[in-house]
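To keep things clear, I will list the structure first and then write my remarks on it.
Order as written gives the chain letters A, B, C and D; numbering starts at 1 within each chain.
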Amino acid sequence: MTAGAGKKRTGAAAPVTAGPVLDIAGLSVSVRGEDGEREVVSDLSLTLARGETLCIAGESGSGKSMTALAIMQLLPQPAAHISAGRIRLGDTDLADLDDRQMRRIRGDRIAMIFQEPMTSLNPVLSIGRQLTESIEAHTSLSQSEARQRAIEALKAVRISEAESRLKQFPHELSGGMRQRVMIAMALALEPDVLIADEPTTALDVTVQGEVLELLRDLQRQHGTSVILITHDMGVVAEMADRVIIMRHGRMVEEGKTADIFARPQADYTRELLAAVPRIGSGVGRQKSRDAEAATPANVAEVRDLHVRFDLHGGFFGRVNRRVHAVEGVSFSIAPNETLALVGESGCGKSTIAKALAGLVPYSGDIVIGGRNLSGLGRDERKAVRRDVQMIFQDPYASLDPRMRVGDLVAEPLLIHGIASKDERSQRVAALFERVGLSADQMELYPHEFSGGQRQRVCIARALALRPKLIIADESVSALDVSVQARVLDLLKELQREFGVAYLFISHDMAVVENISDRVAVMYLGQIVEMGTRDQLFSNPRHPYTRRLIEAVPVADPGKRRSRFARLDQEIPSSTRKIGETPARLVLSDVGGGHLVAAGS
Amino acid sequence: MTSPIAPDLTAPGRMPVKPRAGVWRRLVRRRLALLGLVIVTIVVAGAVLAPWLTGYDPNEQMFDGLTIEGSPLPPDAKFWLGTDLLGRDLLTRILYGARTSLIIGIVANGVALLIGTLVGVVAGYFRGWIGSALMRFTDLMMAFPALLLAICLAAVFEPSLWIVAMVIALVNWVQTARVIYTETSSLAEREFIDAERTIGASAPRILFRHILPHLLPTIIVWGTLGISTTVLLEATLSFLGIGVQPPTASWGNIIFENQTYFQAAPWLVFFPGAAILALALAFNLIGDALRDILDPTQRGRA
Amino acid sequence: EDAIDPNAKQGGAITITYKDDVATLDPAIGYDWQNWSMIKSLFDGLMDYEPGTTNLKPDLAESYEISPDGKTFTFKLRHGVKFHNGREMTADDVKYSLDRVTNPKTQSPGAGFFGSIRGYDDVAAGKAESLSGVTVVDPYTVKFELTRPDATFLHVMAINFSHVVPKEEVEKYGADFGKHPVGTGAFKLAEWTLGQRIVFERNPDYWHKGLPHLDKITFEIGQEPIVALLRLQKGEIDVPGDGIPPAKFQEVMADPEQKARVVEGGQLHTGYVTMNTTMAPFDNVKVRQAVNMAINKARVIQIINGRAVPANQPLPPSMPGYDKEYKGYPYDVAKAKALLAEAGHPDGFDTQLFAMNTDPNPRIAQAIQQDLAAIGIKASIQSLAQANVIAAGGDKAGAPMIWSGGMAWIADFPDPSNFYGPILGCAGAVPGGWNWSWYCNKDLDAKAAEADSVVDPAKAGERDKMWSAIYDKVMEDAPWAPVFNEQRFTMKSARMGGADNLYVDPVHIPINYDNVYVKDVQ
Amino acid sequence: MIAYLGRRLIQSLLILLGVSLITFALLYLLPADPVRQIAGRSATPQTVENIRQQLGLDQPFIVQYWRYLVKLISGDLGRSYIQRSEVTELIVSRLPASLLLMVGAILCELLLGLSMGLIAAVKRGTATDQTLMVASFVGVSAPQFVVGLLLLYVFAVRLSWFPIGGYGTWRHLVLPSLTMGILGAGWYARMMRSSMIDVLRQDYVRTARAKGLARGTILFRHALPNAILPVIAMIGIDIGIFMGGIVVVESVFGWPGIGQLAWQAIQRVDIPIIMGVTLVSAFAIVLGNLLADIIAPFIDPRIKLR
């Protein structure tokens, strides 16, 4: 589109006017509920200068996403609307624009990355299509050029086999990959303003680092202004020029990054900063439970697990390639133990979780509570499964949108006939409070929650049954640090009391260090290193593990890394041609049960 | 799990106090839905109170109901909606005909919907032979000429309204099953269904508590559309000798008997047609409102 | 030879529509409303009728002789008659055609008409290939020997089933001869697009010089009568083969211009209600008479817009043997009630009235139902597809009452005997038969046989009287309640010419294709 | 995929076999006697018996069915009792017309129905929406015979835009397709509206809007494929419904399709034709359903063929 190209030039001329790119004054957003209107953003004013990175941090449910959506004029219909204030982009007041004019601005001048990766991608369109179309809509590139640009964008967010990924559909990608596709989509157009709502929550630290680097590149080269919504104070420290802290729909503090970190004014800000988990802080939290782990009755034992997905291609849809998502993984989890699974996005973490939960077909053995699942009948398997609960990576997709969240949380109790009706709702209320939600939110529906609140609903749900093993797939990544800290405490507490074991999937090394007893590092479907937390963090042997630990952003603007070392080598992939199997890594004990892949 | 939930977790939470506003109350608050309800009420009342609402016998062929040449009379002060080809009062026949048509449009159509939904949901959710077998059976039923079945049933049974209702249910569930099947098989792949499986929800629970509500819009659409089609289908079946026989009136019959006369005596087609349309539309209005009310994402709609 | 209309113009083409498919044009098989007269124009028989009348005349035969005992018929064939394939028709073809129609392999529905020919039984039983009673005397003479005198035989020689077909063509096409008809008729088949169109073109070699007048007739198939009428009104077609649809009748008759193009005539048809005489309470003659008196025929006719005349006996008025003196049962509700009471049903009874499901039959049945209700007979209506009604009628315990409309008797040939045998005689009162009253009067059967042995054409009047007496007797026993005789209303385009009776020809239905012409050719 | 197709084809054959068996049995049980229909009103009992024997209708059911099946396998559908022609020939001569009408009708339905549904969903709650929905209900509730005649009267008789019935050019096709299409359009419109409303508020539509895509692109590329899923299932169904409605429309418009053939055959118990048409339409329906099942995963890749 020539208009788009022309506009770019105006955009380049913008600094001449020297005014802020984006100017929000007195913005209020209200939602209509069953009991009338409620303000979720109140009287918010902010400005965004050209080339600036503004971070919005704050409590989950404080209106961060709503603010972003208000800027995009994409507030959820029919419930939410802007009740006051004005939003100016350069010289234009966005409220004055009709849909058509707004359309030209969206994607081109303001792009947005949404919080929920699964539901934000169209399930029936290939990701290639979804990528190229926005390029085609705003540029005059030809189809093949657009495709080329899409591939570059995918490579930029470090998606392996970018070319063949274009043909894949969202459900075939891991959560992190979906999020990266979203990012690629927003970046491909090099907008003036980029709003990124929790862009890196689902990403492992290495990719997160690269994505952040990418954002910075963009800023450097095009003068893009970025609004970064995140709860990760590390990311804030690393990226932000200025920070806004929000709570209950209001801005509680605003300031230069260094100032906020050094001299937080509001109580809430202080609280927030105090809650930030830091690597090393977990040491000595608990004694390593190596001795206990030796007890024979493991809650779960996984032996030589394989999960493969066939990819179809060609005219008759024959299977021509295969994703070796999980290749011969073995581990065990003892009662009372937390095993953390870390690794790059797409390495197979969620797939292991799903195999354990019985959601994908696998080969190998999964033994839960001493019983091998593959040898059991349907009913027995169901009984055994009850002891394994899972918190999914994408909270919105995993909650039935037509049920009230209170009912959703009560459901496991109901299914297993635990407690009477009254007791049930009391317990649910208690669970809600435990995860930081209020009891009257039980009456709401999933879509009426913020991303972090939804995740807490999921956690409450998994806790309801008090299982022996909880699989937590990126469960706390979407939470703001204060809630995250509360939830982590809750998890630990439960473990102490009932001996619940966790399989804790996370990319946040600080959190992992904080909660885990043992850590397994995965790479391309295989475990490359496994050992106790202390072994791993104090003595990482595998280069990949080391990289992971180094990549963690530190919540201290003073320690900002100038540039994250980008990998130049080919991005690895677990997709193989039929008949090709990846080489099996052999783990050898380097002492005290610390297993490391040989040859590294 | 045997250990009781520890007291620390059951620290009494604040109980929500707000009662859930009843579906009914929310329904009658909507103008269009109310209109639908009123129409349905009128139709039902008309059917029930027919003998008191009209001075005519629905089957009486009146001498003054035809012209000398034997043509029906257009609406006038005596016969408000005119007379039919046998000199009977059309209004009276439409009122009495509502009895038949309501049973067909609501009961038969409802049963068909029920069967279709059940089959579709079960087939769409269960992989393996159950689903496959159910769908192939559906295909068989669909491929099989329904008319022929009707003719044979007509030969075997005494024609009666209930037979016709049965045949309609037997024939009409198939289409619903097909549509529901496709939608269910897509829903079954959604992640929240996976989540239900992990908490140990039984298949019936997933089907009825989680999948069914999502199918509601489709079910409502098919249900309301089914009203007109079944009412008209009843006429075809009556024509084949299965179902109500003349002189018993039904809306479908009245149209069917008189459709070739629609130019000579348009009222004979127009009024019963309007009755069917009104009934179907009324249910559609109710269904549409219901769909909004039951859809949480539509909360806040003015 | 009949005279040719001096006003007739030669040439031109007309279009005729039909709703239903034309099944076959094989004269041995075709037995439908549409193909019956089409076949008559493609083929010829030894005998035929004078156009627009019921008067027999020799056709392919030049002359015939009947032996005094009425058992031998000798026909002299016309010379120089050619099949459409150019070959001359001879006596061998006549014999071949009759052998063929009676052969069970042909599955002819008309085989039974030839039952009186000697040797028929052997052929029908599959024991012989050839009728021993048919002899080729010489190429232009054929002799028929019968097992009994048969007064209807000349009619039989005029019906389609006895039309002459060329052996070589039949053998060439086998079972598909019906799609590739080759005869001696006035027209030959030019095109047949299944389900759409049949085109006849003039047979230039037709032996009857001066006929046919038309060059081409196009039959368009699958046309709804209402639509056909619309097309007629727009001038796209010339004759709607299925007549004026009831829904349009008033409209047409109200418009003088259109009404002028309507030809009304009688037809060999009677509509009646059968009562199963073996089934209580219809086994009581008084009940049957009561029903006869209860039906308000005028009202029924009003319902069908006056398109019929009231009937009081089985035979229609245009049929020889119709008894003009006979008054029938009057419409008398009080008397009917009294009769019912006499029969032991003062309060009436419940019964069923079967009717075919196409308009206007269910309406007529409802009118009758109301009339019956007036004397206490509560008849529930069974409105069914034709095949089902026929099945119920053929079952002794199947149907107490049947309204015959839609399936009613239209004569195969204009002879009084045609209304008796299968529908009122003992022969038809068998399972699967067409005598739906299950009325079997051995006396009358004997009388019928007697009447049919009066072969001498000179005694035709006498024979008709004998038949009148038979039908009067039938009415005494009242197995039927005759209701009306349908009138025919044929509508034509303005350009169609020819005498009116050609458009209500009792034999060529709907019109006599061979004799009509169009006025707008030069 | 190939394995799936193979399995489905075998299943389809079994379905056809089942349909043929049930249909044959029902026809056998029918009280109406085909021989009576052939023999006509003047036939003597002997003629009737002769015909019965000739057609093998005196044989036990199993024998009759077996014979039929054996001939069927060699592609022989037998000869019509009444018309006396090869059933194959009769069907083949009429099938193209029916298929053409079907294509025309489905096109009409989709065009009318989907656009109506789409517009109604986008303009949800407005007067346009309500008008469209009433219109769709009128389409569904109106008797086809009347609709057909009305269209014929207005567009052919009065306006002379189209010929009054018949078959041949595209102009002949318009009115019958429209008549059939109006009914189906109502269904499609309602279904489309319903699922479109659902889809339009999904997150990915929001994403598409955030990308600044044109409205048309959002509607047609993003929303439509998601919304169309239940509509796809209609393909197979449609063929079934089509077979029901075809009789009326074909007769109103003098359309030489198999509907008329079937209708006449049913009335006259012409078993070979009934069987033939049943098998052909069953085949079409089974094929349509198979097609719908095969297309579904292409439209929604999350659905797996199984």
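Note that in this section contacts are C-beta pairs under 8 Å (C-beta built on N, C-alpha and C of every residue); 3 or more make two chains touch, one makes a residue touch a chain.
Bear in mind that the values here come from a model prediction, so they are computed numbers and not experimental data.
Here B-C and B-D are compared, and the pair linked by more C-beta contacts is B-D. We define each chain's centre as the mean of its Cα atoms; on that basis chain A and chain B are separated by 46 Å. Mean C-alpha position of chain B lies 22 Å from that of chain D. Distance from the chain A centre to the chain C centre is 87 Å, each centre being the mean of its Cα atoms. Residues of chain C in contact with at least two other chains: 226, 385, 388. Shown for chain D are the residues that touch two or more other chains, namely 30-32, 149, 153, 201, 266, 300, 302.
Multi-chain contact residues of chain A (touching two or more other chains) are listed as 171. All chain pairs that count as touching, in label order, are A-B, A-D, B-C, B-D, C-D.
By the touch criterion given at the top, residues 72, 74, 76-77, 99, 103-108, 111-112, 114, 116, 119-125, 129, 133-134, 137-138, 169, 171-172, 182, 185, 312, 316-318, 396 of chain A touch chain D in their complex. On the side of chain A, the complex with chain B involves touching residues 31-35, 78-80, 118, 171, 354, 357-359, 382, 385-390, 392, 394, 397-404, 406, 411-412, 415-416, 418-419, 425-434, 438-440, 442-443, 445, 447-448, 458, 461, 463, 465-468, 493, 497-498.
The touching residues of chain D, when paired with chain C in their complex, are 30-33, 35-48, 50-51, 53-55, 79-80, 82-86, 89-90, 93-94, 97, 149, 152-153, 156-157, 164-167, 250-257, 260-261, 264, 266-269. Considering their complex, residues 127-128, 131-132, 136, 139-140, 142-149, 151-152, 155-156, 174-175, 178-179, 181-183, 185-186, 189-190, 217-218, 220-221, 224-225, 228-229, 232, 255-256, 259-260, 262-263, 269, 273, 276-277, 280-281, 284, 291, 297 of chain B touch chain D. Note for the complex: chain C touches chain B at residues 226, 245-248, 250-251, 253, 302-306, 357, 359-360, 362-363, 365-367, 369-370, 380-385, 388.
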